[in-house]
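Labels run A, B and C following the written order; every chain starts at residue 1.
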Amino acid sequence: MKNRLGKFLVVSVVGVFMLATGTAMAADTIKLGVAGPHSGDLASYGIPTIKAAELVVKDINAKGGVLGKQVELLVEDDVCKPEVATNTATKLVSEGVHVVLGHICSGATKAALGIYKDSNIPVMSPSATNPALTQSGDYPNFFRTIASDDAQARLEVDFALDVLKLKKIAVLHDKGDYGKGLAEFAKAFLEEDPRAEVVLYEGVTPGAVDYSAVVQKIKRSKADAVIFGGYHPEASKIVSQMRKKRMKTIFISDDGVKDDTFIKVAQKYAEGVYATGPKDVSKNPMAIAANEAHKKTYGADPGAFYLNAYSAAIALLNAIEQAGSTDYAAVTNALRTKDVETPLGKIRFDDRGDAIGVGFSMYQVQKGAYVELK
Amino acid sequence: MEYFFELFLGGLTRGSIYALIALGYTMVYGIVELINFAHGEIYMIGAFTALIVVGVLTLLGWNQIAILIIAALAAVIWSSAYGFTLEKIAYKPLRKAPRLSALISAIGMSLFLQNYVLLAQTSDFMPFPALIPDFAFMEPVAHIIGSPELVILITTTIVMILLTFLIQFTKIGKAMRATAQDREMAMLVGVDVNRVISMTFIIGSATAAIGGVLIASHIGQINFYIGFIAGIKAFVAAVLGGIGSIPGAVLGSLVLGWTESFFTGYISSDYEDVFAFVFLVLILIFRPAGILGRSTTEKV
Amino acid sequence: MLSNELKKSFLVSLWFMFLTFPIMVIRVNTVENIVEWRWANLLLVGIGSFFVSALWRYMIRRKEEGVQKSESGIDRVTLSQRLLKDRRFTIPALIVTCIVTLVFPFVFSIYQTNIMITAMIYILLGLGLNIVVGVAGLLDLGYAAFYCVGAYSYALLNYHFGLGFWTVLAIGAGLAAMFGIILGFPVLRLRGDYLAIVTLGFGEIIRLIMENWNEFSFGPSGIANIPRPGFFGMEMNIEQATIYIYFLMIGLALFTIFVVNRLQNSRIGRAWIALREDEVACQAMGIDKRKTKLMAFSLGATWAGFAGVVFAAKTTFINPASFTLWESINILCVVVLGGMGSIVGVIVGAFILVLLPEYLRFLSEYRILVYGAVLVVMMVFRPGGIVETTRRTYQYKEIEPEGALLSPTSK
């Protein structure tokens, strides 16, 4: 035992010395890391970000790159799992990445941020909506081009009470990180307000064989509306069951449901469903150009978070250009003080990392398509 | 009171679906003492095959009832084929191997089949058209029980009756019972054990396929992962009822379905799975071989 | 013979073309209402299955011959067993392994070191599960529950009481052991697959409670900012911290190997083996079945507890999604694939199961498919695992003229 301890001490001292000399990074290119789920069941949320980054980088490199250097993409898969995300983050850091576009899932982002923070690398996510990521103040190196969950929940509750004037609301979620988080916020906002009461607060098990029990419960609670936190597969199942049972309950949900796939899957039952989503930017010329570029290069419509990722990539690279270097303090300062034109509009970031100029709107399914409500 | 009745029916529907899958588990276990982990995937493949047939025929504009029947037939045929092949590749070589190795092989096949469908088809949730038309006579009670649920209940009952008839009154049924009791003796009296085992897999897969088509029509969406979750639940149900016993599988499935439904309805949906498992443990403490399981006395 | 083989392969390939026809050839998208026909796939399946089936049958035939040989009394000592016995192999191998292990983190990147740490965590888990499944023969499908207990105990104790890594290491293991006993009690009367399903249920119960009881465990959002282990209060950056954890794990792993080895050769170890072989005979020999089973569960769980604490410290963020049924299955695969009951086997299994998915990343979406296929192939051709257990048995041989009646051999 003594022998082992001695060996360990010697080796660790030597090791620390060796590390102190550090490894020199090749500073010939600006390295943009892209991290997210690129395989597995959540891949459809991560792959569009890669495509956005590829298109932005191609564009910028053609115009001469950033600070005269070409931009290089480092793409890594994290399968939306925290333990894999830490591996991914370490890999990117050890490869000398300067800024990171990612991750996609809030849980994975949380796990990876510690590693990026220790290495002073700015990180921008197009989709991680967990409020604590910016509001806790733990991660000064984190930014995002999407509004956080509490903003969504606030919008849903305000809409339900102010516009639809509902009194009894059932709050449901899919027991997942995103859905439950949103539902908790919604419940809290509703409870603060004397105009409405929460008659039911439940989680549904995703992938269950049958949802009639929960739907019966909703019916029994005599709720005027359901506020659901989660994704479109569960939402479509619940809405279908409700309508099949001839229930007229209003259904309000989040941007996990504001997806055309929801309408296609739920078909006629989707009619009338409300969902929050990022503000409609389809008139923005940069957004139109970005979508066209995607269609031309990949032959299909862009997927989830494409415009958010596109904007994030532009914002990050622009910040490096404005800062004149890849120094952490300079880049983060540029992000906070300089506006940048993106497909989401002209945006800037506040002290905590949220994007100013990016917000949510309420949409409704009318005649088979989502329409933004003013 | 109406609420209770609705929950009861909901549980009955759930239980019926579990039963269709659990039957396959229990039959296979009775004969080869193997937990066929990939059974849930056979159910999923049945649903997907039906989806594919429906997709093609809808585009050709065929009549809805015809599509339903052909899709169900296709699901049964292909699921049985997959079950048969599965047995020949992954289980037959391991008949003399330790039980755990066969289990790992089953797990490997489960992973393989899941990803096979994922890659060959898609990772998205695919909507499944509601093939079962809304019967007019169901309108008055449509808010309690819908036509799909009725069809599920009737189909499950028919399948159960047919299966019991098969096992009790036919020659192949007798051969199955003999093989389940004592494989070597069955071989000695001239039963073609390989054929019996294959038949068991085929029949089990067929029932799972029917379950797949029904549930796909009822829920309205399928994706490559549904087999895993349903498989675990059905396995729990089969064990609950006494694995190896066909009435046990049905009883266990119904009990599980009702437990989940009532727990969700009267207490909370958050912990419904926890409760189901706790319930299972309690039952097994008092009846270690399951509700209808025969506790075999071991001779030393 | 050859024409027979060709005919069989041809028939098999026809069968597979029929079998995979709907799923491989037709792709239906009911969202867009389009149907895609991919005839090229049919050809691929046909040709592929033709060759694969020929190869498969050849390999099966070879396996049968091998089995026949051992049944007829000829000693079949596998390559790995021979290697392990040979001193001339083991000593140099050990030395090389030591050197490589010590130098590894300085030569390779942090990413690779991280993978090694993960592999070692799985060694801990595998050895723990090995006690329950491999040695005592109790099929446990819910082992990840103890892993979860270990990880959450560090996260929560640190969050609420500020306890450090080293303190919780012992506490976490102790808690896991306690849960092992809690699991053990209800299953004392259960056999075989009933035991399996209850352990599966237990694993799910623990995970679901963690997921839903937000007030206690922060639910699906998990717990973040878990501190890494400290080295006498020294502040370390990520590279140093990783290397520190690496050496820590080596220490833990060696400790585990040592303890498990001693356990297997002790009285309780032999009681476990007896339990595995024949429960009734074991009882008849006077071994307290209850105590033996409970010891197996709780001792097995302790290692999961250790592993859980290190996992939480290494990833600095945990949530219930890391402790699902699949995790339990993964650990089970480590044990079975490596060789049940054999310590070296479990180590080999852990490395393969951790490194394989990482190095198969180039296959990207085909990764899990290949993984599943590898599992099946491994089990069909090597059901005992990579390193089959050597057990000391005594074999009765014919009386030699020299007068030796019995000779101890290892089989």
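Convention: a residue touches a chain if its C-beta (ideal position, glycine included) is under 8 Å from a C-beta of that chain, and two chains touch if they have at least 3 such contacts.
Treat the numbers as computed from the prediction; the structure is a model and nothing was measured.
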Pairwise touch network: line, ring, star, complete, or other: complete
Chain-chain pair with the highest tally of contacting C-beta pairs: B-C
Core chain by centroid distance, with centroids computed from Cα atoms only: C
Centroid spacing, where centroids are CA-atom means, of chain B and chain C in whole angstrom: 29
Whole-Å separation of chain centres (CA-atom averages), chain A against chain C: 35
For chain B, residues contacting two or more additional chains: 124, 127, 270, 273
Touching two or more other chains - residues of chain A: 175, 203, 261, 264-265
Chain C, residues touching no fewer than two other chains: 31, 212, 365
Touch list for chain C against partner chain B, complex: 15-16, 18-20, 22-24, 26-31, 33, 35, 41, 56, 60, 63, 133, 139, 186, 189-194, 196-198, 200-202, 204-205, 208-209, 212, 280-281, 284, 325, 329, 332-333, 336-337, 340, 365-366, 368-369, 371-376, 378-380, 383-384
Residue ranges of chain B touching chain C (in the complex, touch as defined): 29, 35, 45, 48-49, 51-56, 58-59, 74, 78, 81-82, 85, 89-90, 93-94, 97-105, 107-117, 119-122, 124, 126-129, 232, 235-236, 239, 243, 270-271, 273-274, 277-278, 280-281, 284-285, 288-290, 298, 300
Chain B residues within the chain A interface of the complex: 3, 6-7, 9-11, 13-14, 17-18, 123-125, 127, 142-144, 146, 149, 215, 218-221, 223, 225-226, 229-230, 233, 260-261, 264-265, 268-270, 272-273
Residue ranges of chain A touching chain C (in the complex, touch as defined): 4, 7-8, 11-12, 15-16, 18-19, 38-39, 77, 81-83, 86-87, 90-91, 93-94, 106-107, 110-111, 114-115, 118-119, 130, 132, 138, 175-177, 180-181, 184, 203, 261, 264-265
Residues of chain A defined as touching chain B within the complex: 41, 43-44, 175, 202-205, 207-214, 216-217, 220, 232-233, 236-237, 240, 244-247, 261, 264-267
